[in-house]
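Here it is: the structure, laid out below.
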Amino acid sequence: MKEVKLFLGPQHPGMHGNYSVHMYVDGDMIKKARPTPGFLHRGFEKLMERRLWMGNLALIPRICVVEPDINEMVYAMGIEALAGVEVPERAHWIRMMILELGRLAIHMMAIGGIGGPTGMYTATYWGIAQRDLILDLFEKITGARIYHMYIVPGGVRKDLPEGILEDVTKVLDQLEKNLPEYEELILRHPIIHARIKDNIMLPESVVWELGVTGIGMRSATGTENDLRKVKPYARYDQVEFDVPTATYSDALTRMQLKYQEMHQSIRIIRQVMEKMPKEGPVRTNFSAGSALRFTVPEGMVYTAVESSRGEYGYFIVSDGKEQPYRIAVRGASYPQGLLGIEKYLTGYRIDDASIWMDTMGVCSPEIDR
Amino acid sequence: MTNSMSNWIETLEKDLGVEVLDSPAKLQYFIDVEHTNVHQTLAYLRHVGFTQMSLLSCIDWIEQGKFQLICILMNWENGVHMLVRTMLDRENPEFTTITDIYPGAVYYEREIHEFFGVHFRGNPTYQKPLFLERWDDMPPLRKDFDPQAYSDSKFPRREHPHVFKTKVVEVTE
Amino acid sequence: MTLMNFIYGFLAVLGAFVFQTSLTGINRKVTARLQKRRGPKWYQQFIDIFKAFSKSSITHGWVYDFGAIMALGGIAATVIFIPVAGMQAFPGLDNIFVISYVLAVGMLGMAMSAAGSGNPWASIGVSRALTNMLAYDIPFMVVVFTLIYQHNTGSVSELASIQQGVGILGWNFFKLPLGGIVSVIALFGMLGKKPFDSFIAPAEIASGPMVEYGGKQLGMMFTLHELMTFIEVSLILNLFFGGGETLLIYMVKYAILYTFTNIVSGVMPRFKIDQAVTFFYKVPLGLAFIQGLLVIYLGWGY
Amino acid sequence: MHEVQKNDRSLWEVVGDYFRANSIWMKWYCTGCGAIEMPPTMTSRFDMEQLGMGPMATPRQADVLLITGYLSTKTLRRVIYSYEQMQDPKYVVGFGSCTLNGGIYYDSYATINQLDKYLPVDLYIAGCMPRPEAIMNSFGELIEMIKKGEAKGWKHYKENHEWYKANQMDSLGEVIIHDEFHE
Amino acid sequence: MTMIFIFLGLSLLLSYVLSRKQPTLGAYFTIIASLAGLISVYLLRNSVGVTESFYYLNFQITTIGWYFAMILLTVYFTSAFFNPFWMDELIYPAAYNSLYLLSLVGTIGLFFAQDLMTLFICWETAVWSSMLIVQQGKSRQAAWVYFVISAIGSMSTLFAVLLTMYLSGTSEITGALTYFTTAPVAGALVFGAFILAGLTKIGIFPFHVWLPLAHGSAPHTFSPVLSGGLVKMGAYIAYLSVAVFPAYQVFGDSLKIQGVPLPIYGLMILGAASIVYGTLRAIQQEDAKRLLAYSSVANGGYILIGILMMDQMAFAGGLMHLLNHAVASAAAFLAIAAVAKRTGTTKMSELGGIIHRMPITYTVYLIAIISMAGIPPMGGFVSKWLIFQGLSEKGLILLATAAAFGSIGSYMYVFRPLSAVFLGQLAPKYEHIKEANPVMVTAMLILTAMSLLLGVLPNLVLKTIAKIQIELGINPIIVNGTATLTENGSVDMLQVFTVFGFGFLLILILFMVLPKSRRVGLMDTYTSAEFIHTPELLHYGHSFYAPFERLYEKWPSVLPLYKRMSMKLSELGEWAESFFFHPDPNRAVLWIVVVAIVVIIGGAQ
């Protein structure tokens, strides 16, 4: 038979996460690709209907493992919108700091992570060790490394600990110092260029067809389509930052945009530390007496934030009871992870498949839920 | 809400002939349409700048005997999210695919069929299983499906023997 | 050919294995230091290999086993041919073509065994490995032809001894600098070091030919890898760095050369296989030709 | 259920266990959240390789199967398949509370609640998710167990094969799916 | 010797008669006839120099002719074992059997020809009979291409023969050809015409087009003969035109590259080109027979280079490579034919896992390709090694590079059928096939044993070659016991074999000591933990070297060029024709007038 069926995942070193792509390969060209999600399916949308509004806080970060804070943020934003609660000023700034630290962490992992499929393991080792320092910051702030459950409806769970700002500054300084080294090692390496430059294209037409957002969209269209700019949440309208864009979206460009976004995140965090109110409450209570079993007024709302992979949104329906009536999750990598693979992984080589998955930003848990 | 925005909304209302409802969040509106009118509404909205379909989802209003489909569109020029809602009959949920307007919807439709049992005419692949494998019960996101019961019947739980060691305190005089 | 020859040959295989395996272990530590970590124990590689031997195993048919035996047997035989610091088990059998072709027995055996497992990843890995071989061997062969023409001998031990006694500048690496550079680049290809390791790329083809090996066959493959490394590094060492007057010098030179390749490959990603071919046929092949023309037509390099 | 007796190991096995304990190649099956703490464990900060451990590409080459988190039924089939492809002696380590008792997904219709009904787990690491320190610690524990010959889940699986198979069939219906999704 | 010809001629008729009655019987008779030929030619080994005449045909026994004839007869003999099993697939089995023997007669006659006319007649006999066989195969077009390219060879041979006879006044080969020492200009012409015939027959680039077509579509039993045998006719012509024809003296005055005159160097470059070209094209093929055919193109390059070198080492290597390649290539073709007999296809992507059903055929193929790739301890290694030694000793670095390329590239292409046809997943439709028929297995095993013997004791053949070299007056290859000595190095294949066996034994013991492995099915394999139940979908056989092939897939092929040329030629013909044969009578009248005027003016002068 002319075609060989090969599997990229679920248990394959080239696949990050529990996800599978069935590839029909002729020689080394992928003739047909079929995504097979569902290995991480836990039925979140059903489980959330069965938990209290408060109890869901433990559940939601687990939808996206690598970048959990955005879940907490959209969830909190949705409930606050439905309940009409105003969040204290200081909480907004703390949320921004957490979100941007999270963005730094995942971008650091992505930049180091490109070492996996291209074979540059030193980059991976360095990059992930660097990310660990950010996780240490999270641990100091929230008490947990990965799932923080820190951003809660009405604010943040608790105030920042003493002296954390100095620690953050220290980590950021070190990161800023090391970033050019990583750039030299990874983004300017001639062999990496040979592999990812002019390869794994994302043309502008495809962006609209699939509904790809985030870096994918910005690198292809050249527009500053960043939810932080277009419809600012928290206090993103009060900080200055640029949205890096490009009009030629190959894998290298997307990596470079990630690299530039890291600089912007550092810039945002520095501004946050400068501009945030030094004192004040960080959390508003919902209804007195039943902090755990609070209710949310009837209604439905869609909230979205800018994750590292694009628009990440929750559609929340409340029937006024203690539990949500329905929550639907828009995973940011849903378009490229399913239809994108089916239509646009074909024509690439098996050498490129895992780089494709990497740089397109396919995150399996948020697809499967 | 700026003046230009309200003008824009008015134009929409006039062209579509439906009411654009406000929502709790800013820059977000609802449109309720009959399920026969959904396609022309979507086509129009895509034409006026709602090029991105963020989410296609479904709600099971079991008490009313209805499914509600929600199509969330986004306009990147002004950052407006438009939620187009329509009701379907719960007994015989059938809808025509919107993949010719938003090609990205193909997998959302498959997912909704899998989780709710809504049929999509015109989508050749919607009946294939996507997330679940060898599923043998009703679509799981319907309100009358009880995951706890399913889990108990299929996946045995660990039995925690609640044995507490009691410390015998000898009272000595 | 007496019994002593065979005993010596056996000892050569054993010695090569022990030496190269400890060096691999040390180099794993060196790589770890490069990656800012502590790294395993220096004898970790031994434990790994013996562990693999101690496990149970499967077979996919006789060719799967036979290929593995043929591969390791061929490689072991090649080790016997390699002259180490002037010592040889079977004098007169160290012709460079013999060595490089007996090496191919090992390659073919491994390829056969891997393809015999019926796994498509393994077949893809094998196809890449053979392509890789075609890429690095041609520039290297051009340099070898030049060497034979220049020194009028194809015997590795003679080629090594010619360079000795004149000090460091007598090495072919300095006499034929372009050829020396080409051969060191080719060494990367031979050893399957990055950037030329696309045939075992885990993220692409799940470690390629190794994909089905487990247990004793995997242990044999690891042993094979160590012995093959020994052959290839020794070949370059003898041809371009003057071999060794004594065993100690030989070992020191060997360790330096091997560690060098290891450190360089530590900061390299991997080429795709066609990029590797293009690279070898652009740069090293050109250099090798220039070197050859200089030696043959201008007499330069004597 | 048939319990594996504390058997006397032959000298060959004692020596073999020493090697196995000091060189553990893992098949890191990325089943769930726990996988996110594996990269830090492997890379420069915690450096798992100093224990002699390292990731391997395929189950054939691996000694230990890491189940890093909750298992949906779809994944469990693949995990069992992978486990059966591994070479004896093989060990299973369950990560986090999800493998232990279903964890936060105790009532989910898609995830199983208790891994050791389907596969012989030698060691559980508690936590949601276990921190790298905990992972390193328990790997130390695993090494001790292998050295002493206590990690014999694979023997247990062989001897109680019917029991495990029956459990798998009850929950999964079919382990090796015969529908290949050909299109 | 005449007796041999008479005997073969009679058996030719007999086999025709027998085949009319019972095709299989006739086919078995071809085995007997070729065996008898083989034995009787072998018995001639000591009667070198004997001349005989048969009507107008004059023959002389020479060492080289004997050597070539032995190679040919071996190939014919072993391939004949396959004939009985293909009788029902052929349209004209009787014709096939008799033509098979006729081409045998023609080729042997060629090698023993004493005068040029005999040479030409035998050449034509062999070419025509083989062409008639080829066209019984899959494609008529292949036979046509074969015919056209052979016609080029025939015409140039005829031209050279007539010119030589006219100039030198004698038709005896040696005498006629040595005449040209004194007439270098005419000599160059004759040399060119002769070597052109040789090149077309060996299938040297750019005259190789017929070879893959003919080999690929000839009946499976005849492909080994084409590749292992008939191609060697070209090598003989090439030998005549450099060794007997005093090529080095004739071109003595021309520019020399490393001591090789430029025209000969140019021919060697053609040889190198066909090595590279044949290798690259063989890597691309999807059909096992065409792949082997292209490998014949590449090996023809080695033979040509070796013969043209006319020195101690490479010449010996070239001559030995003739034998090695004939044996190995015939064995490989036969193995593929055996597979084709059982499965009905030679497309590699449709086969797979045949080893589990035909292990002996697999072993035969394995040893054949080890020899073809030039890996010790099989025969191919020694000859390639000698060629390498010769080339590097002279410093012909470009040729040496091409030779190395072909040698390492051959690992790639020979491995491909091994992997795609024999290894890998066994398709369910081949679940019930059986090992090849014992008769076929016998033939294959004979060739395999020869390959091994040639590899371990190459000196058996090298001694004969040394004799040829002495006859030609060049330094003979030195053999000493089991060792082969050259100026820059020596090799003792028996020792290499022993050491290899020692290493193998060592590992075998290790393997046996370790715990026994458990047998699992082929489908129990690593699939990233996903499930698959279709063996065909797990068999990697199509576009095996896709990344490498892509590097040169855009390179132009020669065939379209030829097609365009033939098209232009026929257009030219039509155009010319239109002048003379036009429906418009005015044109005819015009031409008559023109001719008349020319005649009148010419006559007037």
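Observations, loosely collected:
Order of writing sets the chain letters: A, B, C, D and E. Residues in each chain are counted from 1.
Everything below uses one rule, namely that contacts are C-beta pairs under 8 Å (C-beta built on N, C-alpha and C of every residue); 3 or more make two chains touch, one makes a residue touch a chain.
Note that the structure is predicted; figures quoted are calculated from it, not measured.
The set of chains in contact with chain A as well as chain B comprises D. Any chain bridging chain A and chain D, meaning touching each of them, is among B, C, E; the list is complete. Looking at contact counts per chain pair, the maximum sits at C-E. Measuring from the average of all protein CA coordinates, the nearest chain centre is that of C.
Ranked by how far their CA centres sit from the centre of chain E, the chains are topped by B.
Between chain A and chain E, the centres computed from C-alpha atoms are 64 Å apart. For this pair, chain C with chain E, the centres built from the Cα atoms lie 35 Å apart.
Centre-to-centre separation between chain D and chain E, using Cα means, comes to 58 Å.
For chain D, residues touching at least two other chains, in rising order: 29, 43-45, 57-60, 74, 77-78, 82, 107-111, 177.
In chain C, 35-37, 56-58, 120-121, 124, 202, 206-207, 211-212, 215, 272-273 are the positions where the chain touches two or more neighbouring chains simultaneously. Residue positions of chain A with contacts to 2 or more other chains are 4, 6, 10-13, 15, 22, 28, 36, 38, 41, 43, 46-47, 50, 125-126, 129, 349, 351. The list of touching chain pairs reads A-B, A-C, A-D, A-E, B-D, C-D, C-E, D-E. Those residues of chain D whose C-beta lies close enough to touch chain E in the complex are 29, 58-60, 77-79, 81-82, 85, 176-178, 180, 182. Within the complex formed with chain D, the chain A residues making contact are 10-11, 13, 15-18, 22, 32, 34, 36, 38-43, 46-47, 50, 58-59, 62, 65-66, 109, 124-126, 128-129, 131-132, 135, 145-147, 365. Residues 34-37, 120-121, 124, 194-195, 197-198, 201-207, 266-273, 275 of chain C are the ones that touch chain A when the two sit in their complex.
Within the complex formed with chain B, the residues of chain A that make contact are 37-38, 41, 43, 45-47, 49-50, 77-78, 81-82, 84, 208-211, 213, 223, 225, 227, 230-231, 299-304, 311, 313, 315, 317, 325-326, 328, 330, 334-335, 338-339, 368. Those residues of chain D that touch chain B in the complex are listed here as 73-74, 77, 100-102, 106-114, 117, 167, 170-174, 177.
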